[in-house]
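These are the structures in question, set out in turn.
Shared between the two complexes below is chain A, which has chain B as its partner in the first and chain C in the second.
And now, the complex of A and B:
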């Protein structure tokens, strides 16, 4: 009981308090211990613990092969890969650098034999070259070496493949999330569309008035959903469209009177010219709240950030309180105490 | 917060502020005494961090008091229903009915992360349920130290339920330290074993969606819990239930109903209330400073 419970709790309490309160003390010794020594202790323990993990992995894979459980073939691959990498990393240098003096040319070969053959070929053509084996330890990171080659050409592409799967998963997850099943999902869908379009160049070409007219139509859908009255929907949409148009008449220097006068005095063509300039003369980003790049920025920096910070404060408090529970020995479940 | 408790905390904070002030300036008094011997001492307390020191001591004070209150009467403390935690038992039941195991992933980080420790604690509660229901449990881990801790937690859970014979050391097994290799390994287990329930409780990075979407694909009931802010949206999208941030840290209190842990939950709420008050006061004081009504900026004092 003492070894399994009290001593671990005492260690956690002592080092936890030292780390926590040491932050408020100006002492180089404590700072060095927390920043360097304690971290290195942890790394050393973790390095030894990896043997436990590796042994466990091998044991399970061997058992799977021996019992011929489903997918045992993959276990064979795992075991072979494990030993191949182990042997190459620990017992094979795999990196022999052939250096041509005065030419600043270096080539790395996996085996000494291959390197010697290359040197002999160079000798035949009148070039002197020397072989330098990579240092043990550095051999796993030597460019062109066997271990590095395996890392770059087998491991990295496999990891990249897994990572690339995310693109497809994001698409399928987004599809499910963006289905407008209820109010929250619809809100998410709208926010997602605004942010996606607002962040691409196309978004900056869409004028504010299009968004406003669209919002009026969306408002019509909402009114229809809740009130089921065609008259009411007509009134809301008509008033909304008129309101948006009136707003732009206000924002634009061209007035309805100008357009009317142009039609009366200049004829139909002149009238349409003024009407066209009225359309094109509308400031694309006014009012700015409905301009997509500005709108997406606002969504991102105001409601999104507010929500994120609320979650962050909760997380911070949770971490502080949970850590204090460990330090004071109030929570012992992590050492198996139920 | 009751009036009495509010007054108690108010007095406590005042005492802490005075204590911190004394701690910041103790060397002045000490030097006054030592001046006849020509000795001077420097303060080793970092005064720049005085405000955080006050916050820390306040949290400790609230925590100890709330735990004391919870020990006196924990039944009267209301814990709101967290659907994700209610669903844990439902998930175990479903697995039992379907005769398939439960997959529990305690994140990809080591025991130096609070989230991993919280994940191992919740694993203990889940293991108790699997012991009760006689359901299989599979815990692939990415760190050897987590493997040892998780094994210990499961072992104690099976022992506490009187089912030590059901505990098998290999139910907690190591895969690899590498992020995507681990993701590939866990996804392989999901595809082959088709667990009825998948639980992801710990610290996650980009692999969160790889797990959650694969779990979704095999039709498992999925419960996630994490404090990794960037991964919460992915879990919310792909899992049936998600414990977000503080809910995740409250999980062990909710599942165990121990007064010490329930006290921790009420501490979080109390401190949050205090923080809201501080934010409002800070806003008002900053506005008054900007309007030249007060001559000091509270935010400068806080640091």
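And now, the complex of A and C:
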């Protein structure tokens, strides 16, 4: 009881308090302990935790194979891969660098035998070369070495493929689950669409007037849903479209006077050219509230930030409470208590 | 009208393999035949650019590679962009590289290989690859206190004490700027909390798109000097340093991918509303 419960709790309580009060006590010794020694202890424990993690992984995979649980074949692959990487990383150097000093050329071979063969071939053709085995530790990252080859040609493609598959699943899942079922879901849906389109360059090509015209049409649908009156819908949509058009004609740098002057001074063709530019030269990013990149930036920096900050403060308070529970010995899950 | 509704409802229950094929095409086609799209730098990317631009001459810059191959397409162009920006000015900056992720070491090696093809860098004079150490935030805290206790040798097992450019480098206070390319834990949060805040050294970050929401509060508070947000952030940085790269090339693929997803969401919702209305009616 003492060894399994009280001593671990006392150790956690003591070091927890020391680390906490170290921020408030002016003592070089405590400061040095917290800043250097404690972090080094943590590093050492973290290094050993890797071994524990590996052993745990092996235990689980072996059990799965022995009990022939569903998908045990994958466990065989996991175990074989584990030992292959372990043996290659710890017991095989896998990187022998053949150096031709005069030509400043280096090439790396997986085995000493292959490197020696290359040196002999070079010797036969009158070139002097030497073999330098990669240093232990550095051998796993030596360019052309076996471990680096495995990382580049096996781990990297597998890892990238797993992550890339997310794009397909996200597309399929959002298509099935992203439904405007209620107000909150609709808000989330709209924010998601604005972020997805506004974040990429394609979004900056969509002018704000298109969004405004679309909004007018959406307003028409809403009016139709609630009032069921064709006349009212027509009035709302017509006024909306006219209003948006008038706004953009106003925002355009070309004025009625310019068009009039063009007709008077330049003739019919010149007049129509200026008239055309009055419709085609509308600003794409005004008013900015309807310009997708600006709108997504606002979503990121205002409502999102407020939510993220609230979550962060909540997490911070949670960490304080949990830490105090550990220090006072109330939290005992790490010694197996529920 | 009924005919149109039926088509929409049919689209609303399309097999997921069709979606997979369309997404695949939307990504693949722009990658095979590149399309030029205008890149518009956002304020947060501009902040990172300004922060790097304002580093004093002959500074020591620490770059942490806290990501692996899975997030490489998003973050690698950022770290490359930052390194290019630092080196292109020829202002005597030195680069120190650490990794909080084990596979970050390989990302750093790869980045250095690419950069070495463009700039004639000398290891241990222009850059040093310190490598990976396990310990997550404890490593950052250790670096802030005493770097030499965390790293006694560099990634190639050369003793730190024998590396010329490590002279005078004892902790994070000896750096003038830090950047982390971060794909999760450990990453940006740990560098802010245990590295930049206690020492006051300016820190910028490049993260995956999914992380941006969480990291934004640090940008607004000034604890982070801007953020490169996902692949668009990387493309914006490439645009800012006027060195088009893989991120700008990838933006068309991402744009069309997003567009296809949005179109399917809209179709799915239209089908949902039509089905709901019909069910209510009958």
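As a working rule, the second predicted complex is superposed on the first by the 205 of 338 C-alpha atoms of A that agree within 3 Å, B and C clash if a C-alpha of one lies under 4 Å from a C-alpha of the other, contacts with A are read in each partner's own complex, and residues count from 1 in each chain.
Here is the rule we go by: a contact is a pair of C-beta atoms (placed from the backbone, for glycine too) under 8 Å apart; a residue touches a chain by one contact, two chains touch by 3 or more.
All values derive from a computational prediction rather than experimental measurement.
Novice: Should A:40 be classified as contacting the first partner (chain B), the second (chain C), both, or neither?
Specialist: In the superposition, A:40 touches chain C alone.
Novice: In the overlaid three-chain picture, which partner chain does A:197 touch, first (chain B) or second (chain C), both, or neither?
Specialist: Touch status of A:197: second partner only.
Novice: Touch check for A:125: first (chain B), second (chain C), both, or neither?
Specialist: After superposing on A, A:125 lies clear of both chain B and chain C.
Novice: For A:300, select first, second, both or neither according to whether it touches chain B, chain C, the two together, or no partner.
Specialist: second
Novice: Which partner does A:265 contact after superposing on A: first (chain B), second (chain C), both, neither?
Specialist: Touch partners of A:265: none, neither chain B nor chain C.
Novice: Once the shared chain is lined up, is A:176 touching chain B (first), chain C (second), both, or neither of them?
Specialist: A:176 contacts both chain B and chain C.
Novice: Touching A:326 in the superposition: chain B (first), chain C (second), both, neither?
Specialist: A:326 contacts chain B only, not chain C.
Novice: Please indicate which partner A:143 is in contact with in the superposed arrangement: first for chain B, second for chain C, both, or neither.
Specialist: second
Novice: Under the stated touch criterion, which partner chain does A:162 make contact with: chain B (first), chain C (second), both, or neither?
Specialist: both
Novice: From the superposed pair, tell me which chain A residues show up as contacts to chain B and also as contacts to chain C.
Specialist: Of chain A, residues 42, 46, 50, 159, 162-163, 170, 172, 174, 176, 308, 311-312 contact chain B in one complex and chain C in the other.
Novice: Which residues of chain C touch chain A once you look at their complex with the stated criterion?
Specialist: Residue list for chain C touching chain A: 16, 19-20, 23-24, 27, 37-40, 42-43, 68-73, 103, 105-106, 109, 113, 133-136, 138-139, 141-142, 144-146, 149-150, 153, 155-157, 209, 212-214, 216-217, 220, 229-230, 232, 235, 251-252, 254-262, 264-269, 272-273.
Novice: For a test of understanding, state which residues of chain A touch chain B in their complex under the given definition.
Specialist: 20, 23-27, 42, 45-46, 49-54, 56-57, 59-60, 70-71, 74, 158-159, 162-163, 165-166, 169-170, 172-174, 176-177, 308, 311-315, 317-326, 328, 330-331, 333-338
Novice: In the complex formed with chain A, which residues of chain B make contact?
Specialist: So the residues of chain B in touch with chain A come to 43-46, 49, 52-53, 56, 59-60, 63, 67, 110-112, 114, 117-118, 120-121, 124, 128, 143-145, 147-149, 152-153, 155-157, 160, 170, 173-181, 183-184, 188, 192, 206, 209-210, 212-213, 227, 229, 232, 234, 236-238, 244-246, 248-250, 252, 256, 260-261, 264, 267-268, 271-272, 275.
Novice: In the complex, go through chain A and note every residue touching chain C.
Specialist: 35-36, 39-40, 42-43, 46-47, 50, 135-138, 141, 143, 148, 151-152, 155-157, 159-160, 162-163, 167-168, 170-172, 174-176, 178-180, 189, 192-193, 196-197, 199-205, 293, 297, 300-301, 304-305, 307-309, 311-312
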